[in-house]
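After this come two complexes, each holding chain A, first together with chain B and then together with chain C.
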Partner chain A sequence: MKRYELIVIGAGPAGLSAAIEAASWGMKVIVFDENVRPGGQLFKQIHKFFGSKKHKAKIRGFRIGDTLLKEAEQAGVTVQLKATVMGVFNNKEITVMMNDQIEHFKGDNILIATGASENMITFPGWTLPGVIGAGAAQTLMNLHGVKPGSKILMVGSGNVGLVVSFQLLQAGCEVVAIIDASSRIGGYGVHAAKVARTGVPYYLSHTIIQAEGEDCVTGAVIGEVDDHWQIIEGTQKKLDVDTICLAVGLSPMSQLARMAGCEMIDEAVKGGLVPLCSEYGETSIPGLFCAGDVAGIEEASSAMIQGRIAGSVAARRAGYILDQEFAQKNADFQESLAQLREGMFGAEKKGKNLSHTDEGIPLSLTLLQEGYINEAEIQRFPGFSETISSETKTKGVYPVIECTQNIPCNPCQDACQQGCISIGDRITSLPIVTDKEKCSGCGMCVSSCPGQAIFLIEENYEEDYVAISLPYEFLPLPQPGEQGLALDRSGQAVGSAEIVKVRQGKAMDETAIVTMKVRAKYAASARFYQQLEGCLSGGSTEALAMKGGELE
Partner chain B sequence: MSKVVERSQDLGPCIPQNDDDLIICRCEEITKGEIRQAVHDGMYNLTEVKRYLRTGMGLCQGQTCSRLVRSIVAKELGISPAELELTSARSPARPIEMQTYSNEVW
Partner chain C sequence: MRIKEHPILHTFPKGVTVPFFFDGKTLEGCEGEPIAAALRAAGVMVHRHTSRFGQPRGIFCAIGRCTDCVMVVDGKPNVRTCITPLRAGMQVQTQYGVSAKEV
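Here is the complex of A and B:
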């Protein structure tokens, strides 16, 4: 029987990070993963991550995956793919299905990092082809390059539902609606807003009643629910969709921990049954660790830190790290992890109906209920009020930051070389535009914001016109000189727009900065650009007229 | 969890519901109605329901349905899902061909 100092089950962000950490201290480590490719869900994550520099913020998930694989190789970690762990037994012995046989391994330490599986909800038609998990949609699009469908209904407005909706739009699908039985959008407001401004409607307090179709989905019926989650008669609405994506939560895949005999707890905030873990991720069985979603649903950034912690604890158990060195390292990890858990979406405040930001500013209710901030509300936030509404009319360009919720993220502060943007030491604080006069218009803040919530406004671009620069992640990119529509935060056309500049660069990492010229009166409302041909919905002069906008 | 469910309690008749024909366990094609009926037949915990109906014993090993079955059984018993202990987690954790399973090396 082969023996390893650390056996890691699952080559996702948590497992790989633990393996790298342990191996870098000299441990003999092997990672088993049942999939053909390593990385867990990381390679499906094409969006930029939140957090700070040390959390790998503003880096796209799949690039983090590439880095982890490289680091694992350099550290001498063996990653055994197509290897399914079948059982965890006494004395940390495991059986693995690989090479058409069952092989036995023994670990001085074992880390279970098996992640989570998607929850399903049932309704008539839920077994029809075309009803898929949001994760499945991501796999199809981002790993295999296949469009999951043409017209999508997204069920669930948590971060998964919002992020996948945006990716569906990027893949060229039409997202017909995002619905959620809750009365508030569950995910980050900035994720909701970047989807809303393309024109996707939200239906809160709505659930799916039925998927229609004989052999596949040909439509969906949704309806509004009351306080007791019952459908309100007469609110039924039929949607013309061919695909229904379910993003209704994740469940930790904790079977191996149960099999091993770990003490378990059932906690709704962690997503279900999880092993009881110490601050080091150690279960009730000494030397058996859990990290990542299996220990409680969070996200990839915290999974990576949890993995690092477990890896270093294993190294300490094996005597590779001295206590003092470990204490220092662990303190750094714990601080980093605590930062990610702060803010209004952190474990402490999750699910609570907050009414104000930490700064005491009333939250935008339209953002929570309709997915976008209305013009009246945006003015009370520090990224906005310091700029447009200030009395001195500025010449030149300045940033407008529409970041209105306390989330752990600060790349904008680092991105600005001029020092115009400040978040401060507390990573969840709202960004403030401290000195707009210094803004050079470089756009690094615009492309670095993982929430795509920063815009540059250049007043007096031409007489009666302003230039608005916005983050743009759709193909084909607009071309300078092109005429199109300026959309407001809700995706409604407000007027015509002319593209005057399109910037791309390595540092922007595929977030192009598109600058459009619009009438000065739209400076505070125009936040997206819609191309006239092949545009996201409708299009043309007629569409503009229908939407109540005016064409110049 | 693991609260003892009173065996002698009378759940009353299993009254048909509109969505009884909804498939819950896709792998074994077991409907909501069958699960509800099983509870009324005396299967008061998830292990009994599983052995009676084979819910969660198919290809996905309950990955999709265990949460759903748990909530249906709990509702029928008038308790919270958290009070129902999950079925035992056992090796093999994934479906496996007997030929492979018997080919064991140390």
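Here is the complex of A and C:
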């Protein structure tokens, strides 16, 4: 039997962070993970994270994963892969299956950071090949470079459903629809909006009735549900899809904690059965900690802080950190964690049907029901209303920020070197454009916004034309001089567009800034660009005719 | 079904292309990638048929948890193809119940 000062179970964001923290204070740490690669789900997260600088905001998940692995190596953490922890027993002893053999370890402290598993819903045909978890889609396309399917139905509009839908588009798949039995979109409005503007329709209050097909999925039937979740007769609709992706929530994988005898609690807001934990993540068994999704479903950002907290507590207990130093460190971690839990999607407000932002502005209902903000609603938000005005002939360029929900995120404020954008100390506040005159048009706010909700408008670009700069993360990248379609927030074509500039750079981290020239009357409506051929959802000039737009 | 160029990840680090056998047919995949990824890229959807009702099953979780994608690999049944790396010359067979079809 080998002994370690800290044994970590799970090499995801929480586990690695705990191991790095503890090892950097000098503890002898080992991490076990059943997979062939460390990092948990981080390497499938190709989007930019939310939060503030200290939460690694605007950095893509897989890059955070790379950093964690480097830090773990530097700190001297041993990561034992292909090692399945089978049991946690009395006196913090564990058994681990490695190379078809069972080995026995003892930890002075143990951290369980086993994460979560995906929830499923059952319906006729749900076992057919082609019905997959949203995580499976991410694994296939983002790790292995294989498209999970061609035409996808996404079931679930939480952040996982929205983020994976966007990633499917990036991989070159068609997302036929996003459905949710709830009457409101569950995830961030900005995630919903960046998918909606590519033309993907949302069906809220809709559920899946059946997956069709003999050997694999060849179609799906969806239908609208009433207040009692029953299908309303006559609303059934057939969708031509080959893949059905389930993104219907996550459940903590807390079996090891339960097996160890930790006091458990079943809490809906945490996603199910979780160990009862102190502010340090310590369970009812002294020295046995939990961090990350296993202790309650949250984001990778909070998992990393929870891991740091558990790691530093273990280090203090073992005498590696002085009390005063620990107190300061812990206070910083707790504050950082509290920030991420604030806002409309934090535990306190989760699942509540809010009607207004913290600022007292009525929320956009089309955003909650159809995935985009309609033109009338956007006018009342501070990032928008303080800029565009049809009366004055503004010269020069300025940002328009279509961020309308209180989420913990502030990279735009840091990105603007000119000081045009303000969020203030409370990172869940809506961003305000404080001084549009100062805008240099550099575009750093556009590329730094993890929600892709910032646009630059240049009025009077040419007589009767404006230039709109937007974030663009698809291939092929438009080229200057190219003619295409300007789409509105719902993905409907409003008119023709000409690409006048395309910017890329290291600081933009793969978010290109595409500038299109459109008629001035579309300044407040055109928010996406569609290429005429080989574009995202197979659009064409006919699409414009079908959508009733005008081609000039 | 392979993503040739990705806007964020560009290309995917892959092993060399190797041949393997799927129910006797020769297919190609990248060495080291999960067998399931190679099969999906080759358009194979059905990995096995259940023992009692003969229902088809394929990839579901893709991380080795659900066991829906198990197949007979090099004669060994119940191999989780989503987490088992592909090697040149592997014999991959559709699983019926817990065994391959008698030839």
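Observations on the model:
We adopt the following convention: the second predicted complex is superposed on the first by the 547 of 552 C-alpha atoms of A that agree within 3 Å, B and C clash if a C-alpha of one lies under 4 Å from a C-alpha of the other, contacts with A are read in each partner's own complex, and residues count from 1 in each chain.
Here, a residue touches a chain if its C-beta (ideal position, glycine included) is under 8 Å from a C-beta of that chain, and two chains touch if they have at least 3 such contacts.
Worth saying up front: this structure is predicted, and the values here are computed from it rather than measured.
On the shared subunit chain A, the superposed partners chain B and chain C are arranged side by side without overlap.
In the superposition on chain A, contact of A:355 is made with neither chain B nor chain C. When the two structures are aligned on the shared chain, A:148 is found in touch with chain C, with no touch to chain B.
In the superposition on chain A, A:127 makes contact with both chain B and chain C.
Applying the stated contact rule after C-alpha superposition, one finds that A:102 touches chain B and leaves chain C untouched. In the superposed model, A:117 makes contact with both chain B and chain C. Contacts of A:273 after superposition: chain B is touched, whereas chain C is not reached.
Once both complexes are placed on a shared chain A, the shortest Cα to Cα gap between chain B and chain C comes to 5 Å.
In the superposition on chain A, the residues of chain A contacted by chain B and by chain C overlap at 34, 117, 127. Every residue of chain B that touches chain A in the complex is listed here, in rising order: 1, 19, 22-24, 26, 32, 63-65, 67-68, 82, 86, 88-94, 96, 99-101, 103-106. Those residues of chain A that touch chain B in the shared complex are 1, 34, 84-89, 95, 97, 100-104, 117, 119-120, 122-124, 126-127, 251, 253, 255-256, 258-259, 266, 272-273.
Residue ranges of chain C in contact with chain A, taken from their complex: 1-3, 5-9, 11-12, 14, 33-34, 37, 40-41, 45-47, 55-65, 68, 82-83, 85. Across the complex, chain A meets chain C through its residues 34-36, 46, 60, 62, 117-118, 127-133, 135-136, 139-142, 144-148, 170-172, 214-216, 473-475, 477, 510.
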